[in-house]
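Naming follows writing order (A, B, C and D), and every chain is counted from residue 1.
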């Protein structure tokens, strides 16, 4: 990858230390999607699971708003939640409908084990930990998709998955990533000060980020497996 | 009171059984506000405390979204949260600024014990219980303000607090109350069936509603005490 | 299986409806363990993962105590937690030490994905739901081990895993299962009345039990995979 | 007060900075209890409310166990919970029975607003924050009672409340306080390092301790009000 995105200091640090970051952002699912040769069945399988994922991921952002310590954190988290629940999920329903998956089928999707593992890990990190634990567990998905989208968009993507790439590589989503990165940096400094990376807490947060990244790899694996799962 | 509002079946039942409902909706603070003779110091004291209240109350609605069982519940709760965090709280800041309370003073408000008791009770009900516990604890504030606003508006309110009355008695807020009432009724039937009122659980939910109503009375008492507190 | 155990009405119902109950309690890991031909590497791999599991499972029982609605529920849940944290976990450390796994190695165990998925699912069910959601998610492990232990013990077990079988098939653990079964039955009736199985809520609780059972199958799969994982 | 107790570094710091610490530990309720002239009605009123308090306080310690990051934290928190639920609460029931308050009356106690405010604040601090927020909110009660008990015991207490003083001033409870103080110090260093007091987080934790201390004052006020409440 050349010229990774800039979503703030914490993300730069966390992605740089996460053992599975390349395995996640450079996964075969991503490469095949970018080159337009991902099997349609895999993409549709992924889309259906992603719908279930988005429901639980929205709940996790709602939990972040519930755990906010400042008005700014509350507004930022509720803004992301609103975008997920009132824009991204309806868009997802529409895309699936166009792909021949009616809403009833979408809602009847059996949650794959990899999907369940990921979302419950993130939610539980938030419930048992605090706002920072939740941010570290949420970051790989939000910001990783931004990094992937930006890279694929720069590669000049066309083909069957151009819409997906345009969504995550586009300026709206990139702007969201910049905001989330700034939210995370501010939340860290607000609680732990500018030298937070030197504290024992930093290792625990890195572990949250690492585990969530590992679970993203599992999610792509599941997607690639497609209809077999 | 003549002709109370219609916000659904659960609210009608809960308010009918709550021992302190009249003490809450017919509190001296409300009467004096409606007649325009509430001391300005009491109103400003209430406004400042209400700003702190709104922050925690928003967190409670965020928690409701985190605990949603269906897409509809998620969208409804995140809609209320968005309205609180992105419309009502900014409006509150503006009203306070016009009343001579700058934002910094607002944010430096020391939370009164009655305020703290109420918001933490609601949040803890949600964390320790489930979505229904949270709804029963949230209902007295959301729907009680709707009932009060509608009654004062019908009484033909002018005077110094006409804006407050127009906000809660107006069609936007009344529409929100109808939506929240419908959300609660649907959530109850979705989990407990149409005969939920006959289950032991109904007594626990009534107790949530009753306690939250009792804490609303404490909030008005605190408001009336005004600058003395 | 002949003559399954009696741990109360809810368990009888839930196990009877769970699609994967036989896949769980009759898993190859269990059969091989009972017949003494489970590879040692698989058993040790399982033991190490089970230590990590017990930590998070203890946290889930602690959460049950936090969500108790009555003194009896509080005492029962804190009793199970105390047994896990002060008896079962130290015993586990001792057994592992005797098997050549020192405590430091035990605590350095990398949590397998199947392990993480299971424990976080249970904890999140408890945090987002209520006491009943948690009970339905906890039941397959506690009571399934009881059923497995009782069956293997009746089969007259000797061999290398006789201690494991004696633990879960023995009267102490069987007594615990009877108590947990009674706790669950009482908690259901206390909240939902004697006809709880006819309510919509019953399907959601069954889904909790089913998912946890499915995740138990994954845990045995992981154990059987052994050192390869 | 001469020669305060030693329950570790964090407690020494927190109590030294809490504005209401003297108002709490030197409250008229405490002084009158120590001198044996506290009205019996006040003491019995306090005992009844304290029984309700202990139930929710036990739930808060259970939540601490659910939020533990290490085996040592899990064991310590579950040990305190076990002591509360299986020793202190039964003892409380017995003491009340001897004082003419049967168990049914005890369980039918209406929770005073000051009681509710305190316990829900502590629980919500734990749910919305992390293990440290919970420790800071739990400390004033656990360790403040230790400090009060030790002081009254040194003053050579006899009279009608000698049992109460012997309980909290005695070596069992003083040992518990030393353990809880050590748990808190270790938890802080484990997460934030030895210089935690210089971090922004320290102010938030102090605020938790201060608010809980303020709510203890409210609890004594409520006790002193006695049967009037």
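Following the convention adopted for this analysis, contacts are C-beta pairs under 8 Å (C-beta built on N, C-alpha and C of every residue); 3 or more make two chains touch, one makes a residue touch a chain.
Note that the structure is predicted; figures quoted are calculated from it, not measured.
Asker: How short can a path of touching chains from subunit B to subunit C be, counted in steps?
Answerer: 1
Asker: Quick check for the class: compute each chain's Cα centroid; which one is farthest from the centroid of subunit C?
Answerer: Result for max centroid distance from subunit C is chain B.
Asker: Between A-B, A-D or B-C, which repeats the contact pattern of C-D in over half of its pairs?
Answerer: A-B
Asker: Counting in whole Å, what is the centre-to-centre distance of subunit A and subunit D, each centre being its mean C-alpha position?
Answerer: Averaging C-alpha atoms per chain gives centres 42 Å apart.
Asker: Which integer distance in Å separates the CA centroid of subunit A from that of subunit B?
Answerer: That pair's centroid distance is 34 Å.
Asker: Counting in whole Å, what is the centre-to-centre distance of subunit B and subunit D, each centre being its mean C-alpha position?
Answerer: One centre to the other, that is 32 Å.
Asker: Could you check subunit D for residues that touch two or more other chains and list them?
Answerer: 59, 66-67, 123, 127-128
Asker: Which part of subunit D faces subunit A closely enough to touch in the complex?
Answerer: 66-67, 69, 127-130, 133, 189-193, 198-201, 204
Asker: Within their complex, state which residues of subunit A touch subunit B.
Answerer: By the definition above, subunit A touches subunit B via 55, 58-60, 62-68, 71, 74-75, 77-79, 81-82, 85-86, 89, 107, 123.
Asker: List the residues on subunit A that touch subunit C in their complex, please.
Answerer: Per the touch definition, subunit A meets subunit C at residues 59, 113-114, 116-117, 120-121, 123-124, 127-128, 211, 214-215, 218.
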